[in-house]
Amino acid sequence: MLIIKIGGSIQKDEKDFNLIIQKIEKYLENTDKAIIVTSALKGVTNQLLYATENREKAVEIVSDVYDKHIKLLSKIAEGPSFEFAFREISKLADELFKIAWSIRVLDEVTPRVKDYILSFGERMSTLVLNAVLNSSRINSEAYPEPPIITDENFGDAKVIEKLSLQESSKILEKKSKVIIVPGFIGKTQTNKYTTLGRGGSDYTATILGKLLDIKEVRLITEVPGIMTADPRNFPNATTIKRLSLEEAIELSQMGAKRLHPRTFEPLLNSNVNVIIEGLYDPGYTIVRGDCDNDKGIKGIAVLDNLKLVTAESTDIVGKIGSAARVMNEAKNSGVNIISISQPASETTIQLIVNSQDSEKLSERLMTLPEIESVTTEDVEAVNVVGCGLKYKEIFKEVMKEISNYEILSISRGLNNVSATFIVKKEEGDKLAKDLHEVVLKWTN
Amino acid sequence: MLIIKIGGSIQKDEKDFNLIIQKIEKYLENTDKAIIVTSALKGVTNQLLYATENREKAVEIVSDVYDKHIKLLSKIAEGPSFEFAFREISKLADELFKIAWSIRVLDEVTPRVKDYILSFGERMSTLVLNAVLNSSRINSEAYPEPPIITDENFGDAKVIEKLSLQESSKILEKKSKVIIVPGFIGKTQTNKYTTLGRGGSDYTATILGKLLDIKEVRLITEVPGIMTADPRNFPNATTIKRLSLEEAIELSQMGAKRLHPRTFEPLLNSNVNVIIEGLYDPGYTIVRGDCDNDKGIKGIAVLDNLKLVTAESTDIVGKIGSAARVMNEAKNSGVNIISISQPASETTIQLIVNSQDSEKLSERLMTLPEIESVTTEDVEAVNVVGCGLKYKEIFKEVMKEISNYEILSISRGLNNVSATFIVKKEEGDKLAKDLHEVVLKWTN
Amino acid sequence: MLIIKIGGSIQKDEKDFNLIIQKIEKYLENTDKAIIVTSALKGVTNQLLYATENREKAVEIVSDVYDKHIKLLSKIAEGPSFEFAFREISKLADELFKIAWSIRVLDEVTPRVKDYILSFGERMSTLVLNAVLNSSRINSEAYPEPPIITDENFGDAKVIEKLSLQESSKILEKKSKVIIVPGFIGKTQTNKYTTLGRGGSDYTATILGKLLDIKEVRLITEVPGIMTADPRNFPNATTIKRLSLEEAIELSQMGAKRLHPRTFEPLLNSNVNVIIEGLYDPGYTIVRGDCDNDKGIKGIAVLDNLKLVTAESTDIVGKIGSAARVMNEAKNSGVNIISISQPASETTIQLIVNSQDSEKLSERLMTLPEIESVTTEDVEAVNVVGCGLKYKEIFKEVMKEISNYEILSISRGLNNVSATFIVKKEEGDKLAKDLHEVVLKWTN
Amino acid sequence: MLIIKIGGSIQKDEKDFNLIIQKIEKYLENTDKAIIVTSALKGVTNQLLYATENREKAVEIVSDVYDKHIKLLSKIAEGPSFEFAFREISKLADELFKIAWSIRVLDEVTPRVKDYILSFGERMSTLVLNAVLNSSRINSEAYPEPPIITDENFGDAKVIEKLSLQESSKILEKKSKVIIVPGFIGKTQTNKYTTLGRGGSDYTATILGKLLDIKEVRLITEVPGIMTADPRNFPNATTIKRLSLEEAIELSQMGAKRLHPRTFEPLLNSNVNVIIEGLYDPGYTIVRGDCDNDKGIKGIAVLDNLKLVTAESTDIVGKIGSAARVMNEAKNSGVNIISISQPASETTIQLIVNSQDSEKLSERLMTLPEIESVTTEDVEAVNVVGCGLKYKEIFKEVMKEISNYEILSISRGLNNVSATFIVKKEEGDKLAKDLHEVVLKWTN
């Protein structure tokens, strides 16, 4: 058995679906059954979001969304499969039209209704995908209701594992060879639709893997796996063959492919392996196990457009609570701290934040009585990831490279499998390129 | 005019005072007037502290303290100088006896009474020093009351500059060539004695320099200036000739000679220069001005007996407020955070604390719902200080050296004039020695 | 000029409207212009409320509401008046249908939408009333939008007087002799509908009186004025001719006719007089001025179904804050305290609450550490109202009467014009009857 | 066995002690053993308090206190009894001198030291009383250490019953016929002295009664029992023979003899009876049992110098939480609410407070947004107490009397055995006199 997650960005046209069919047919040669977790068609979630914010156009937008599904359907499905999906999508569209019309009338959207509206993207795409598969004589079945039970924290709902286990087990009772379920959405115990937040579809796939004890979870995306660096800036970037769990979490956090770290949570203490592969090009990355015996350096990631905010005072030295007060100011100003650094002399606290947050943060910090001055500087963060970094001899290779740079701070990530180097903006690109060379050399 | 601070550790016996007299006589060749800020005699402050904590022995201890002063006095002073000081010290001792007796009776010491008791150390030493100088025919005068006005924050009182200016100006009205004032202690607007906290005598000297606009402040101590490293562990350590203000703050924070960073605060926006010199050996360090055109690397300092506490969770990624919650736990458990480090992937928060605090902190962090695991590791912090670190080519020298080590984190201090390297405990000593070689090479 | 408020309970059928026309025609004999504030037709507000709570029936209910208006309209209006009102009500019904349909679809009603829905009751009734008057050749005009600007506290919005003055002045620009405006509803500065809370239509009438400086405000209701007691229980009750403002507030608070006390607020510091009169029977009560020279006792009111909750403890004696803690518990348990009583020995605190609240309150009070015991008892509150009670000789008459009863507590109301007597349940009726006799004797 | 508490106001001179001896001799005719709880000599507690507040005179005051004890002792004791007590009191005085001298030196008194100083009053008086008894050949023994263990809430310490039972049982091990223990003071588990707050000696007596299961507790005071009214204002006041527990609590709260209500707490659920009797005149009041079959009205009490503060607003009607907010303002302004009253119309809240608090309270209440006006009025509270008030026919007698007065509020106390009448200041005296006549008639 197998779980396959089909991303939204690769569900845009006839060609995409032909490739998807080929892929699935190939999988089915080696498995008795597959659960497909699908995202909404490309662009649909954004359109629905736009409708909730521009309620006077909601009906129009919903109409476009319906058209998009039907047009695509008419191209890629035929016969009874087409008819069935057409009918079902139209039913959902009817429901969605009513809601669109209602929010226009009331000119108001509550978090519950917002999640309700977003749920249609995945609920419709399961039907489209099913029609496509059926038209290709694949024995499949759509299961358009969420197999995941969550709390009522609309917009960022938490999975209730015990109840979800019960609910998702119903998928296995289905007779078809392929069962298509919606990613990203859940429902509460009183049957209200919820959404799982950023990266929700990937998370649906892995949590189902864990709940149903299915070892293989394939995330199909635009790119053939996780790469050693962002290929747009690093032409010689290559796909990474295998990542440990820690590496995957670290790299997905900062890399070109932004998977939510929750995606990998279900892999802890379970047999689940995740394979990230491309639809268009061959190549894949497998995420499996931990660092044991792995000496590779896997990839780098760059965060630019950052500011280093430095708060200085002789009065904070040895003061229990100074750092807490600084962090609280950051929190109260709604600023996410990307990286923190405080030297042992305790004379400064350095916070790295997104550029747009730096002014707000500086102003707040200046209000603290113990802070004497606050300065800012443009910086970049270069992150290198790999189990090999745990080994002194390999880490030295990295250190040798960076010894040519003026490093503002170094910090180490999860289990020491990553190291973040903060450098002045003008040095960032060169450092990244140098480190990528190290990666390419040490990728196993 | 000149301010001379005489530390307590160099006021222990006849020999010390002979050397002090020689030093002062030499200064007086070149100045019309000197203000001497004195600490309590060696050991006295600790004895008085001990008395507040062992109240049943308080009277006995006070008796010892009195004896110590009188014995020393009888050896180093004579004639009317001796008699006057004897009489005045006995008066103070009377007062102190009463207090000692009172705290024994009541078996209780409030913060106000504690500061009151500590004040006698400096009030008596001004009288001793004055008698010594008079016996050597130096035209001097004791001014045993605190020249500094503070708030009522007993134990760590803050100077109220405006009122202290007024109060300390009275020193200048004295006719004698040398005026001896007590360091470390202040008084409130209602004439209660206060203490200025750790390093208070140095601070008294520099704040008086600022208030009275006296350019030269000499801190006389055991060691001939600030050294490139702790000479007990680094036999080739040498005295640093000049430090910028930033360097002095950074180095004093962690070095063999532990000056409170507040010592240097009065140098900001003022003409005050500080000269740190030894009583026994020639050699001195001058602290003056900023880093401009200074490319030296001045010294290193090592903090051992540290623990790196790492809190991990995928749930803290991108969570505004996670770092604040972690810091608040640290604060609420009364733990001083020596160094902080968080990588850009935001998967961990690393705190460096004194070893004895690590267990307490770990336990508190484990109570946070978002923290999945907390681990600890023995580490050392090596700090290298020097204006030269602001220059890329010089910083590279340092980086080259550290590229042989597994650095857990780097962070930069005040104006980038220092860098803290956190390494595993077993690598600390070697790294420190290597970096000290760099220092010796680059000391200007 | 004149303001006439037509209550909802007297807008139920042809007969009612005939009487209303007669009344208005009569008024118009003596005034150049009248503003009519109208409530929703009888039962309509409740139907709309029911729709918000039973959303699956909302469309059906709205359909009934529409029918009710149209049927009534067809009976009491004719010709172009009918046609115009029919068209306008149908337009409103269209809007309301959409909303009903929307809340059914979304299965959710926010406070804003609830007020929006309720607003239709009054907006429609202005059109009905206008049609009726026009059909009777009265020169009238409907002004179905709220003339009152409020804050955004949906469900219990506060009038913003300055903005409402501006808005309501537009009514006066209308040329017709009679202008019909909706009571109970307001709108925010961004044109969202709000409601004014319980008794809102009366309040609309009096606040318009104040804002537009119209001296005479007539509240037309089922009963011919405010009576000396509830006529259902006191057959010899009679209409009170005149009430002072204080008496009106006190009596309306507890009497058979439950006017919200806010109704009378606009009478303070203004020339507005309020006349409460019946539609069916002659008789009226005028509310005007204060108690000066008024020695009457005007009426009684009875609250039964109450419980006296007594909390006892010797530990609360003289404890600053005990009463506050008791009240806070009441507040936090959501219980409204009808009457409070604490003797000067401070050994108990007695709270009178509605019977259904007593258990909840008792439980909460028992959780307070300082409370030793909590007991409850069935009681009735008999309230006697009259300016005469300010006079000792008249108050004595009342006291003589109550001296036959076991009074649990007495408390005095606004400016001493009322007195509340708490007695055991079994004594309540007799005391009320006895006091009513005093009232009848002293009504002036 | 028997507990006898000797108040401080009846320990002033030779005559007093002669009377005390006679009294005790008489008791001893009928009992095998007696525990005497003694207060400090007349005036001593106030002198010691004064010393803590005027520390520069503390030694002098303590000297006076010592003199007072010794002079009295020399008059009333002789032989070895005198010598022993002289020696012991001198020892205590030595200790006290030291403390007095210490607080003068340190010019500071903590709550712990204050209780420590106050403890000497009772510790010395036990020695005086013992000497007197011994001189009269009564077989007695002083037990000058506190037999009560308390928490560390200095100044108002709470008894820890379990530990006190253990500690006080040691009294019973003493062989003498009479054991004299200090009232008012306790000690913590770490042997620090504490005081029990107002009325502490009475409370020591009754709590010992409860702990040691001694049925009879006699409180010997200046006045022969509790009287029907304050004899200074009511010349025909008489001693009340018996009071139920509830009556005693209510009456002691407000009466001429101000016993703390805690005094009677140990009587709940125990066999302890309290007899309050005079030293100078015959007569006593027994406090025993509850109201069963008691139809008496026992006494009245008057609180003058009160203000009725009335807060009015139509906006507080039916507002859950209004009363709580009003009480919280009172609490935050540090004002003790003596009586509360709110009529059922909820238009006002009336608070009765001491005159000196009324302005402060009014100002705070005016800051509440929902309060429209606050007025104040001079009032008196007349409290009538008696089990008979629970009976309708007897309560009517009271009601008949008050029907001649303009009662502002009535409230009922503990178990309905008291009623507080609030009247205007000018009516207070006459009402009190009238009610006292009712009392005299119904005293059983």
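To keep things simple, chains are lettered A, B, C and D as they appear, and every chain counts its residues starting from 1.
One rule holds for everything that comes next: a residue touches a chain if its C-beta (ideal position, glycine included) is under 8 Å from a C-beta of that chain, and two chains touch if they have at least 3 such contacts.
Not measured: the values here are computed from a predicted model.
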Graph separation of chain A and chain C (steps between touching chains): 1
Most distant chain from chain D by Cα centroid: A
Chain A and chain B: spacing of chain centres that average the CA atoms, whole Å: 51
Approximate Å spacing (C-alpha centroids) for the pair chain B, chain D: 57
Whole-Å separation of chain centres (CA-atom averages), chain B against chain C: 74
Touching two or more other chains - residues of chain A: none
Interchain pairs in contact, sorted by label: A-B, A-C, B-D, C-D
Contact footprint of chain A on chain C as seen in their complex: 98-99, 101-103, 105-106, 108, 110, 112-113, 116
Partner chain A, residues of chain B touching it in the complex: 249-250, 253-254, 261-262, 264-265, 303, 312, 314-315, 317-321, 323-324, 326-328, 330-331, 334-350, 352, 381, 383, 392, 395-396, 399-400, 402-416, 418-420, 422
